[in-house]
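Next, two complexes with chain A in common: one pairs it with chain B, the other with chain C.
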Partner chain A sequence: MVINARNLVKRYGELTALDHLDITVEEGEIFGLLGPNGSGKTTAINCILSLLDYDEGSIEVFGRPMTPENYEAKRKIGIVMQNVAVFQELTVYENIDYFCGLYVADKTLRRKLVNEAIEFTGLEDFRKFRPKKLSGGLLRRLNIACGIAHKPQLIILDEPTVAVDPQSRNKILEGIAELNRNGATVVYTSHYMEEVEQLCTRIMILDKGRAIATGTKDELKAMISIGEKVIVDTDVPDEALLKALGGIRGVSSVSYSEGAVTVTSGRGMSSLEAVLEILKKSGAAYSRIRTELPTLNDVFLEITGKGLRD
Partner chain B sequence: MPVFKLCLKIIKKNLPLMIMYMAIFLVVSVVIASANKQNEEKATVFTSSRTAMAFLSEEDTPLTRGLKQELAKVAVFVEIENSDEAVKDALFFRKVFYALKIPEGFSEDFMSGKAPVLETIIVPGTIPAVYLEMAVNQYLNTARLYVDSLQGIGQAEVVQSVAKDLENSSVVVIPESDGLVGAQNFSSYFFNYLAYSLLSVLILGVSSIMIVLKDKDISRRNHASPVSRNSMTVQIFMAMVLLTLGAWVAMTGACFLLNIKGSLNVNFLMFMLNSFVFALAGTGISFLIASVIKGRNALSAVNNVVTLGSSFLGGVFVPQQFLGPAVLQFSKFLPTYWYVKANNLIGFLTVFDPEHTAEVFKSMGVVAAFGAAAFAASLILDRRGRLS
Partner chain C sequence: MFVHIFKTRLKCLLRDKEMLFWSLLFPVALALLFNIAFSNLNAHDTFEPVKLAVVADESYLQDAAFRGALRNVSTGESRIFDLQETELAAARTMLRSNDISGYILAGDVPTLITSGTGLGPSIAKTFLDSYLQMQSSVNSILAKDPSSYEELMDRLNARLSYTKEVSPGGGESNPVLNYFYSLIAMTCFYGAFFGNREVLDVQANLSPLAARISVSPVHKLKSFLYSMCASLLINAAEVLLFILFLAKVLGIDFGEDTGLVVLTALMGSFTGVTFGAFISSLVKKDENVKIGVIIAVSMTGSFLAGMMYGEMKYIVQQNVPVLSYLNPINLLTDAFYCLYYYDTYTRYAVNMGILATFAVVFCLGTYLVIRRRKYAGI
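Here is the complex of A and B:
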């Protein structure tokens, strides 16, 4: 087990940031911490890294209690902070070299590792650039390069794609998947459910410092009562049509908003065929029909009664 | 030592600005120190001169002749008419600074034990007139001793005895006048101005490093690494010491090169020691400032307020003797005051035994205490910030 945190409690005065939280991360997995802003993701990471004291509980990393002095464990960890943490005074190469130098003393080996990190993050053309000359996406890539250059066994990425354009985001996610394929265990925090769903092999959903669900994405989706959704883009439908759709066997709810009727089935049920039949019979005009499987947002919504981005 | 190397790179990035500070300091301090040196040399070189006076005697006796002969050693006699109008004109136009009127019968009254009155008219507030007054009094007081002590003594004998007595004089040796006074003054002024520029450079350099390393995300990133806090502190401290040494060597070295003749003495070593203590204290103060300020924008403002403020109040730009008692009382809470005080004392030192150097070392000790207190305060602030 790479991380074994038990019964973590962290309080800031009256506010309980972590509420008896258990986190276990197995070797080789990409573990996702998903939750809205303020749910305790970064606090949990800071506690795991011993950057923050906690009030109750215990943390083991690589089988040993994690303390500020556990340099052996720290040496195996790569951290990519939520905010870009680089030096404006140094070039891209110098920045990566500095952070790599905190872990690797050998100059020759470090040069090799830094060059590999530059290549991995696609920063070859920007070696001599200072950070202020880089775009937001490139800065994020530099931030990642600084965190992974020393080839850590455990990589912790705290919302590494915040404020990044979709193209750079995809590159970052591909890179993280590759790091995992190369043998690194990854802990990935985000409030973007699509990213976590795409990347992570196991996910913990956090809310108000508590783990409200943990498992693979399929396991999480299996926890909730809803199944497939059929979404029909149409003008304002009449009451009779909505009533007919609601009467389909296995449908749990029918709603209309922003030019689309959403027909939600119960777990394991599909209603597409019946919806098409009713639309045909009623002669209602529609522009598009699509189906969606439940998302992690639905999981969060059903468990907490609110959306991930509320 | 990645943190040490990082600090050096940050210093290197800020080097142009630091060099600019030092260059401006060198130019300004050389100009001002040279100008002050010339003034000081004029003021400290002693040459005897005689004062113009009017000797208006209405009688010619051995006693008045003896007095005139004695006064001739310190005065030049100017012939003017013996009238109030003429005397006033001569004093007004500074033809004379002192007029002595001896009335008829003065000598006889004096020899008979009476206290005859001499009329003197002077240019008010002039030192030469005071000296002449003293010379006249000295002569007559000595003569009075003979008249009162030896009954029946004649005027000629009195004059002879007084002249003999007044021939005796003490030899006064001024040790500073061995040709080094001017050179030491150059160093004294130079090292005083050094307080401003050295502190500016140190605050700039130390704060630049600390602002970067204090950044919350950078700090977290560093502390997540396997480099211990102690190791980081030591590496940062080493970089600060190197910066301090570099700035100190550059500035004191410049003083040495610009004034080699005046630097080959114990005073210069004392100046160097004093400035080194001040440099270390400046590093502590810079640490404290870096702990308090929030960003680069504030750095320049705080730097100017601290360095200029302490320089003005501490006696760098305005000599301490010209500062008011209230200001001086306040200045004692500034290390610059004690540094300048020690410099001023060193400038006048000719004997280097414990008795004479005690005050200098006491001032250095106060400066060192300021530095240690600032350093301790910054560590406490750092610890509080870390815990919060």
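Here is the complex of A and C:
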């Protein structure tokens, strides 16, 4: 087990940031911590890294209690902080070299590792640039390069794609998957469910410092009662149409908002065929029709009663 | 690891243009301004002879004693008057056109004619009053005892001054130097910006960069000390460069003991950098507040040490002497002045001793705060 955090409690005065949280991360997996802003993801990471004091619980990393003096564990960890943490006065190359140098003393080896990190993050054309000359996406990539250059066994990425354009985001996600394929265990925090769903092999959903669900994405989706959704883009429908759609067997709810009717079926049920038939019979006009499987947002919604981005 | 951190830190600090401006170029600019201001001040201090005319009429030509006295103070390099012997009409014309401060009519009793008040007329009047008083005394003594003429003349020619200015050391008293010495002290204490940055980059609860460095496998205090070495080196080099600039370009005198001047600069630099680290670790606010506190303390200390108003140093010494010893900028300023002015080292040693105590307090205070390795909040 790479990380074994038990019964973590962290309080800020009256506020409980972590509420008896258990986190276990196995070697080789990409473990996702998903939750809205303020749910305790970064607090949990900071406790694991021994930056933050916690009130109760215990944390072991690589089988040993995690303390600020556990340099053996620290040497195996690569961290990509939520906020970009680089020296503004150093170039891309110098920044990566500095952070890599905190882990690797041998200069020749370091040069090789730094060049590999630059290549890996696609920063070849920017090695002599200073951070203020880089775009938001490139800056994030530099932040990642500084965290992974020393080839750590455990990589912790705390919301690495915040404020990043879609192109850079995809590049970052592909890179993380590759790091994992190369043998690194990854802990990835985000409030973007799509990212976590795409990347992580196991996911923990956090809310108000508590783990509300943990498992693979399929296991999480299997926890909830809803199944496929049929979404019909249409003008304001009449009551009769909504009633007819609601009467389809297995449909659990029908709703209308923002120019679309959403017909939600129960777990394991499909209603597309029946919806199409009713639309044809009623002669209702629609511009588009599509289906969606349940998302992690649906899981969060059903368990907490609110959306991930509420 | 030392070389890696130290070298990187040097690069960062040397590329931080804003910091270099405040810690080196700003004091240089101030020194140039001081130099211009004090050059003018010295030019004003140079005495210009008073332009004076005397009406060369019959009574003047007959009064050999007065004529002799007037010509005596109007010749040589340290003359009081630029004297013109002329006619009454010409004297009046020159006075009207402000070419002279006044003119003298010898008559029975010499009289000064001026067009108003000012330094020139005052000097001329003082001279004339003094002459008339002396003439009256001589006349009355000779009237009583004509035989005392020779002795009287000898005594008049041998005026004695009963006070004299002495310097306890090699340098002459020069209040202008204090301005430059306090400027060096301010430069040393602007090293506080470096100390502040070191703490900001090592305290994980103060910056993301510090948090990132804190999770690396390097002992926090070692990392801090290695970085501090770079800060101390740069600030000390800046202070020494500044002193070199003052000595070689502006001609500021630091006395003969170059070794002790360098030692004082290094001590000042060390105290300044550790002061910044101390303030940064003590003030639990954001970076701007910390910098504000550093500037406020440095400038107040410089003001009390006489950087903006030379007399302030003496006002503080007379009225609140303890403040002179509690103000490290004053101690540093005074240490430089002692090296220039005194040939004994007692006062210098006291200043350096108290400065060293301050530096130790700053180091201990910083250590007690930054030794914490986990935080309640980030």
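Here, the second predicted complex is superposed on the first by the 310 of 310 C-alpha atoms of A that agree within 3 Å, B and C clash if a C-alpha of one lies under 4 Å from a C-alpha of the other, contacts with A are read in each partner's own complex, and residues count from 1 in each chain.
Please note the rule applied: contacts are C-beta pairs under 8 Å (C-beta built on N, C-alpha and C of every residue); 3 or more make two chains touch, one makes a residue touch a chain.
Since the model is a prediction, treat every value here as computed from it, not as a measurement.
With both complexes brought onto chain A, simultaneous placement of chain B and chain C is prevented by a clash. Once the two complexes are overlaid on the shared chain, A:12 sits against chain C while remaining clear of chain B. The superposed model built on chain A shows that, among 38-46, 74-82, 110-118 or 182-190, the segment of chain C colliding with chain B is 182-190. Note: residues 46, 49, 51, 68-69, 71-72, 74-75, 77, 79, 81, 83-87, 89-90, 94, 98-99, 101-103, 146 of chain A belong to the chain B contact set and to the chain C contact set alike, using the contact criterion stated above.
Taken together, the chain A residues at the contact with chain B in this complex read 46, 49, 51, 68-69, 71-72, 74-75, 77, 79, 81, 83-90, 94, 98-99, 101-103, 146. Note for the complex: chain C touches chain A at residues 1, 4, 8, 11-13, 15-16, 204, 207-209, 211-218, 220, 373-378.
Across the interface of their complex, chain C is touched by residues 12, 46, 49-53, 68-69, 71-72, 74-75, 77, 79, 81-87, 89-90, 94, 98-99, 101-103, 105, 146 of chain A. Put simply, chain B touches chain A in their complex at residues 2, 5-6, 9-10, 13, 212, 215, 217-218, 220-229.
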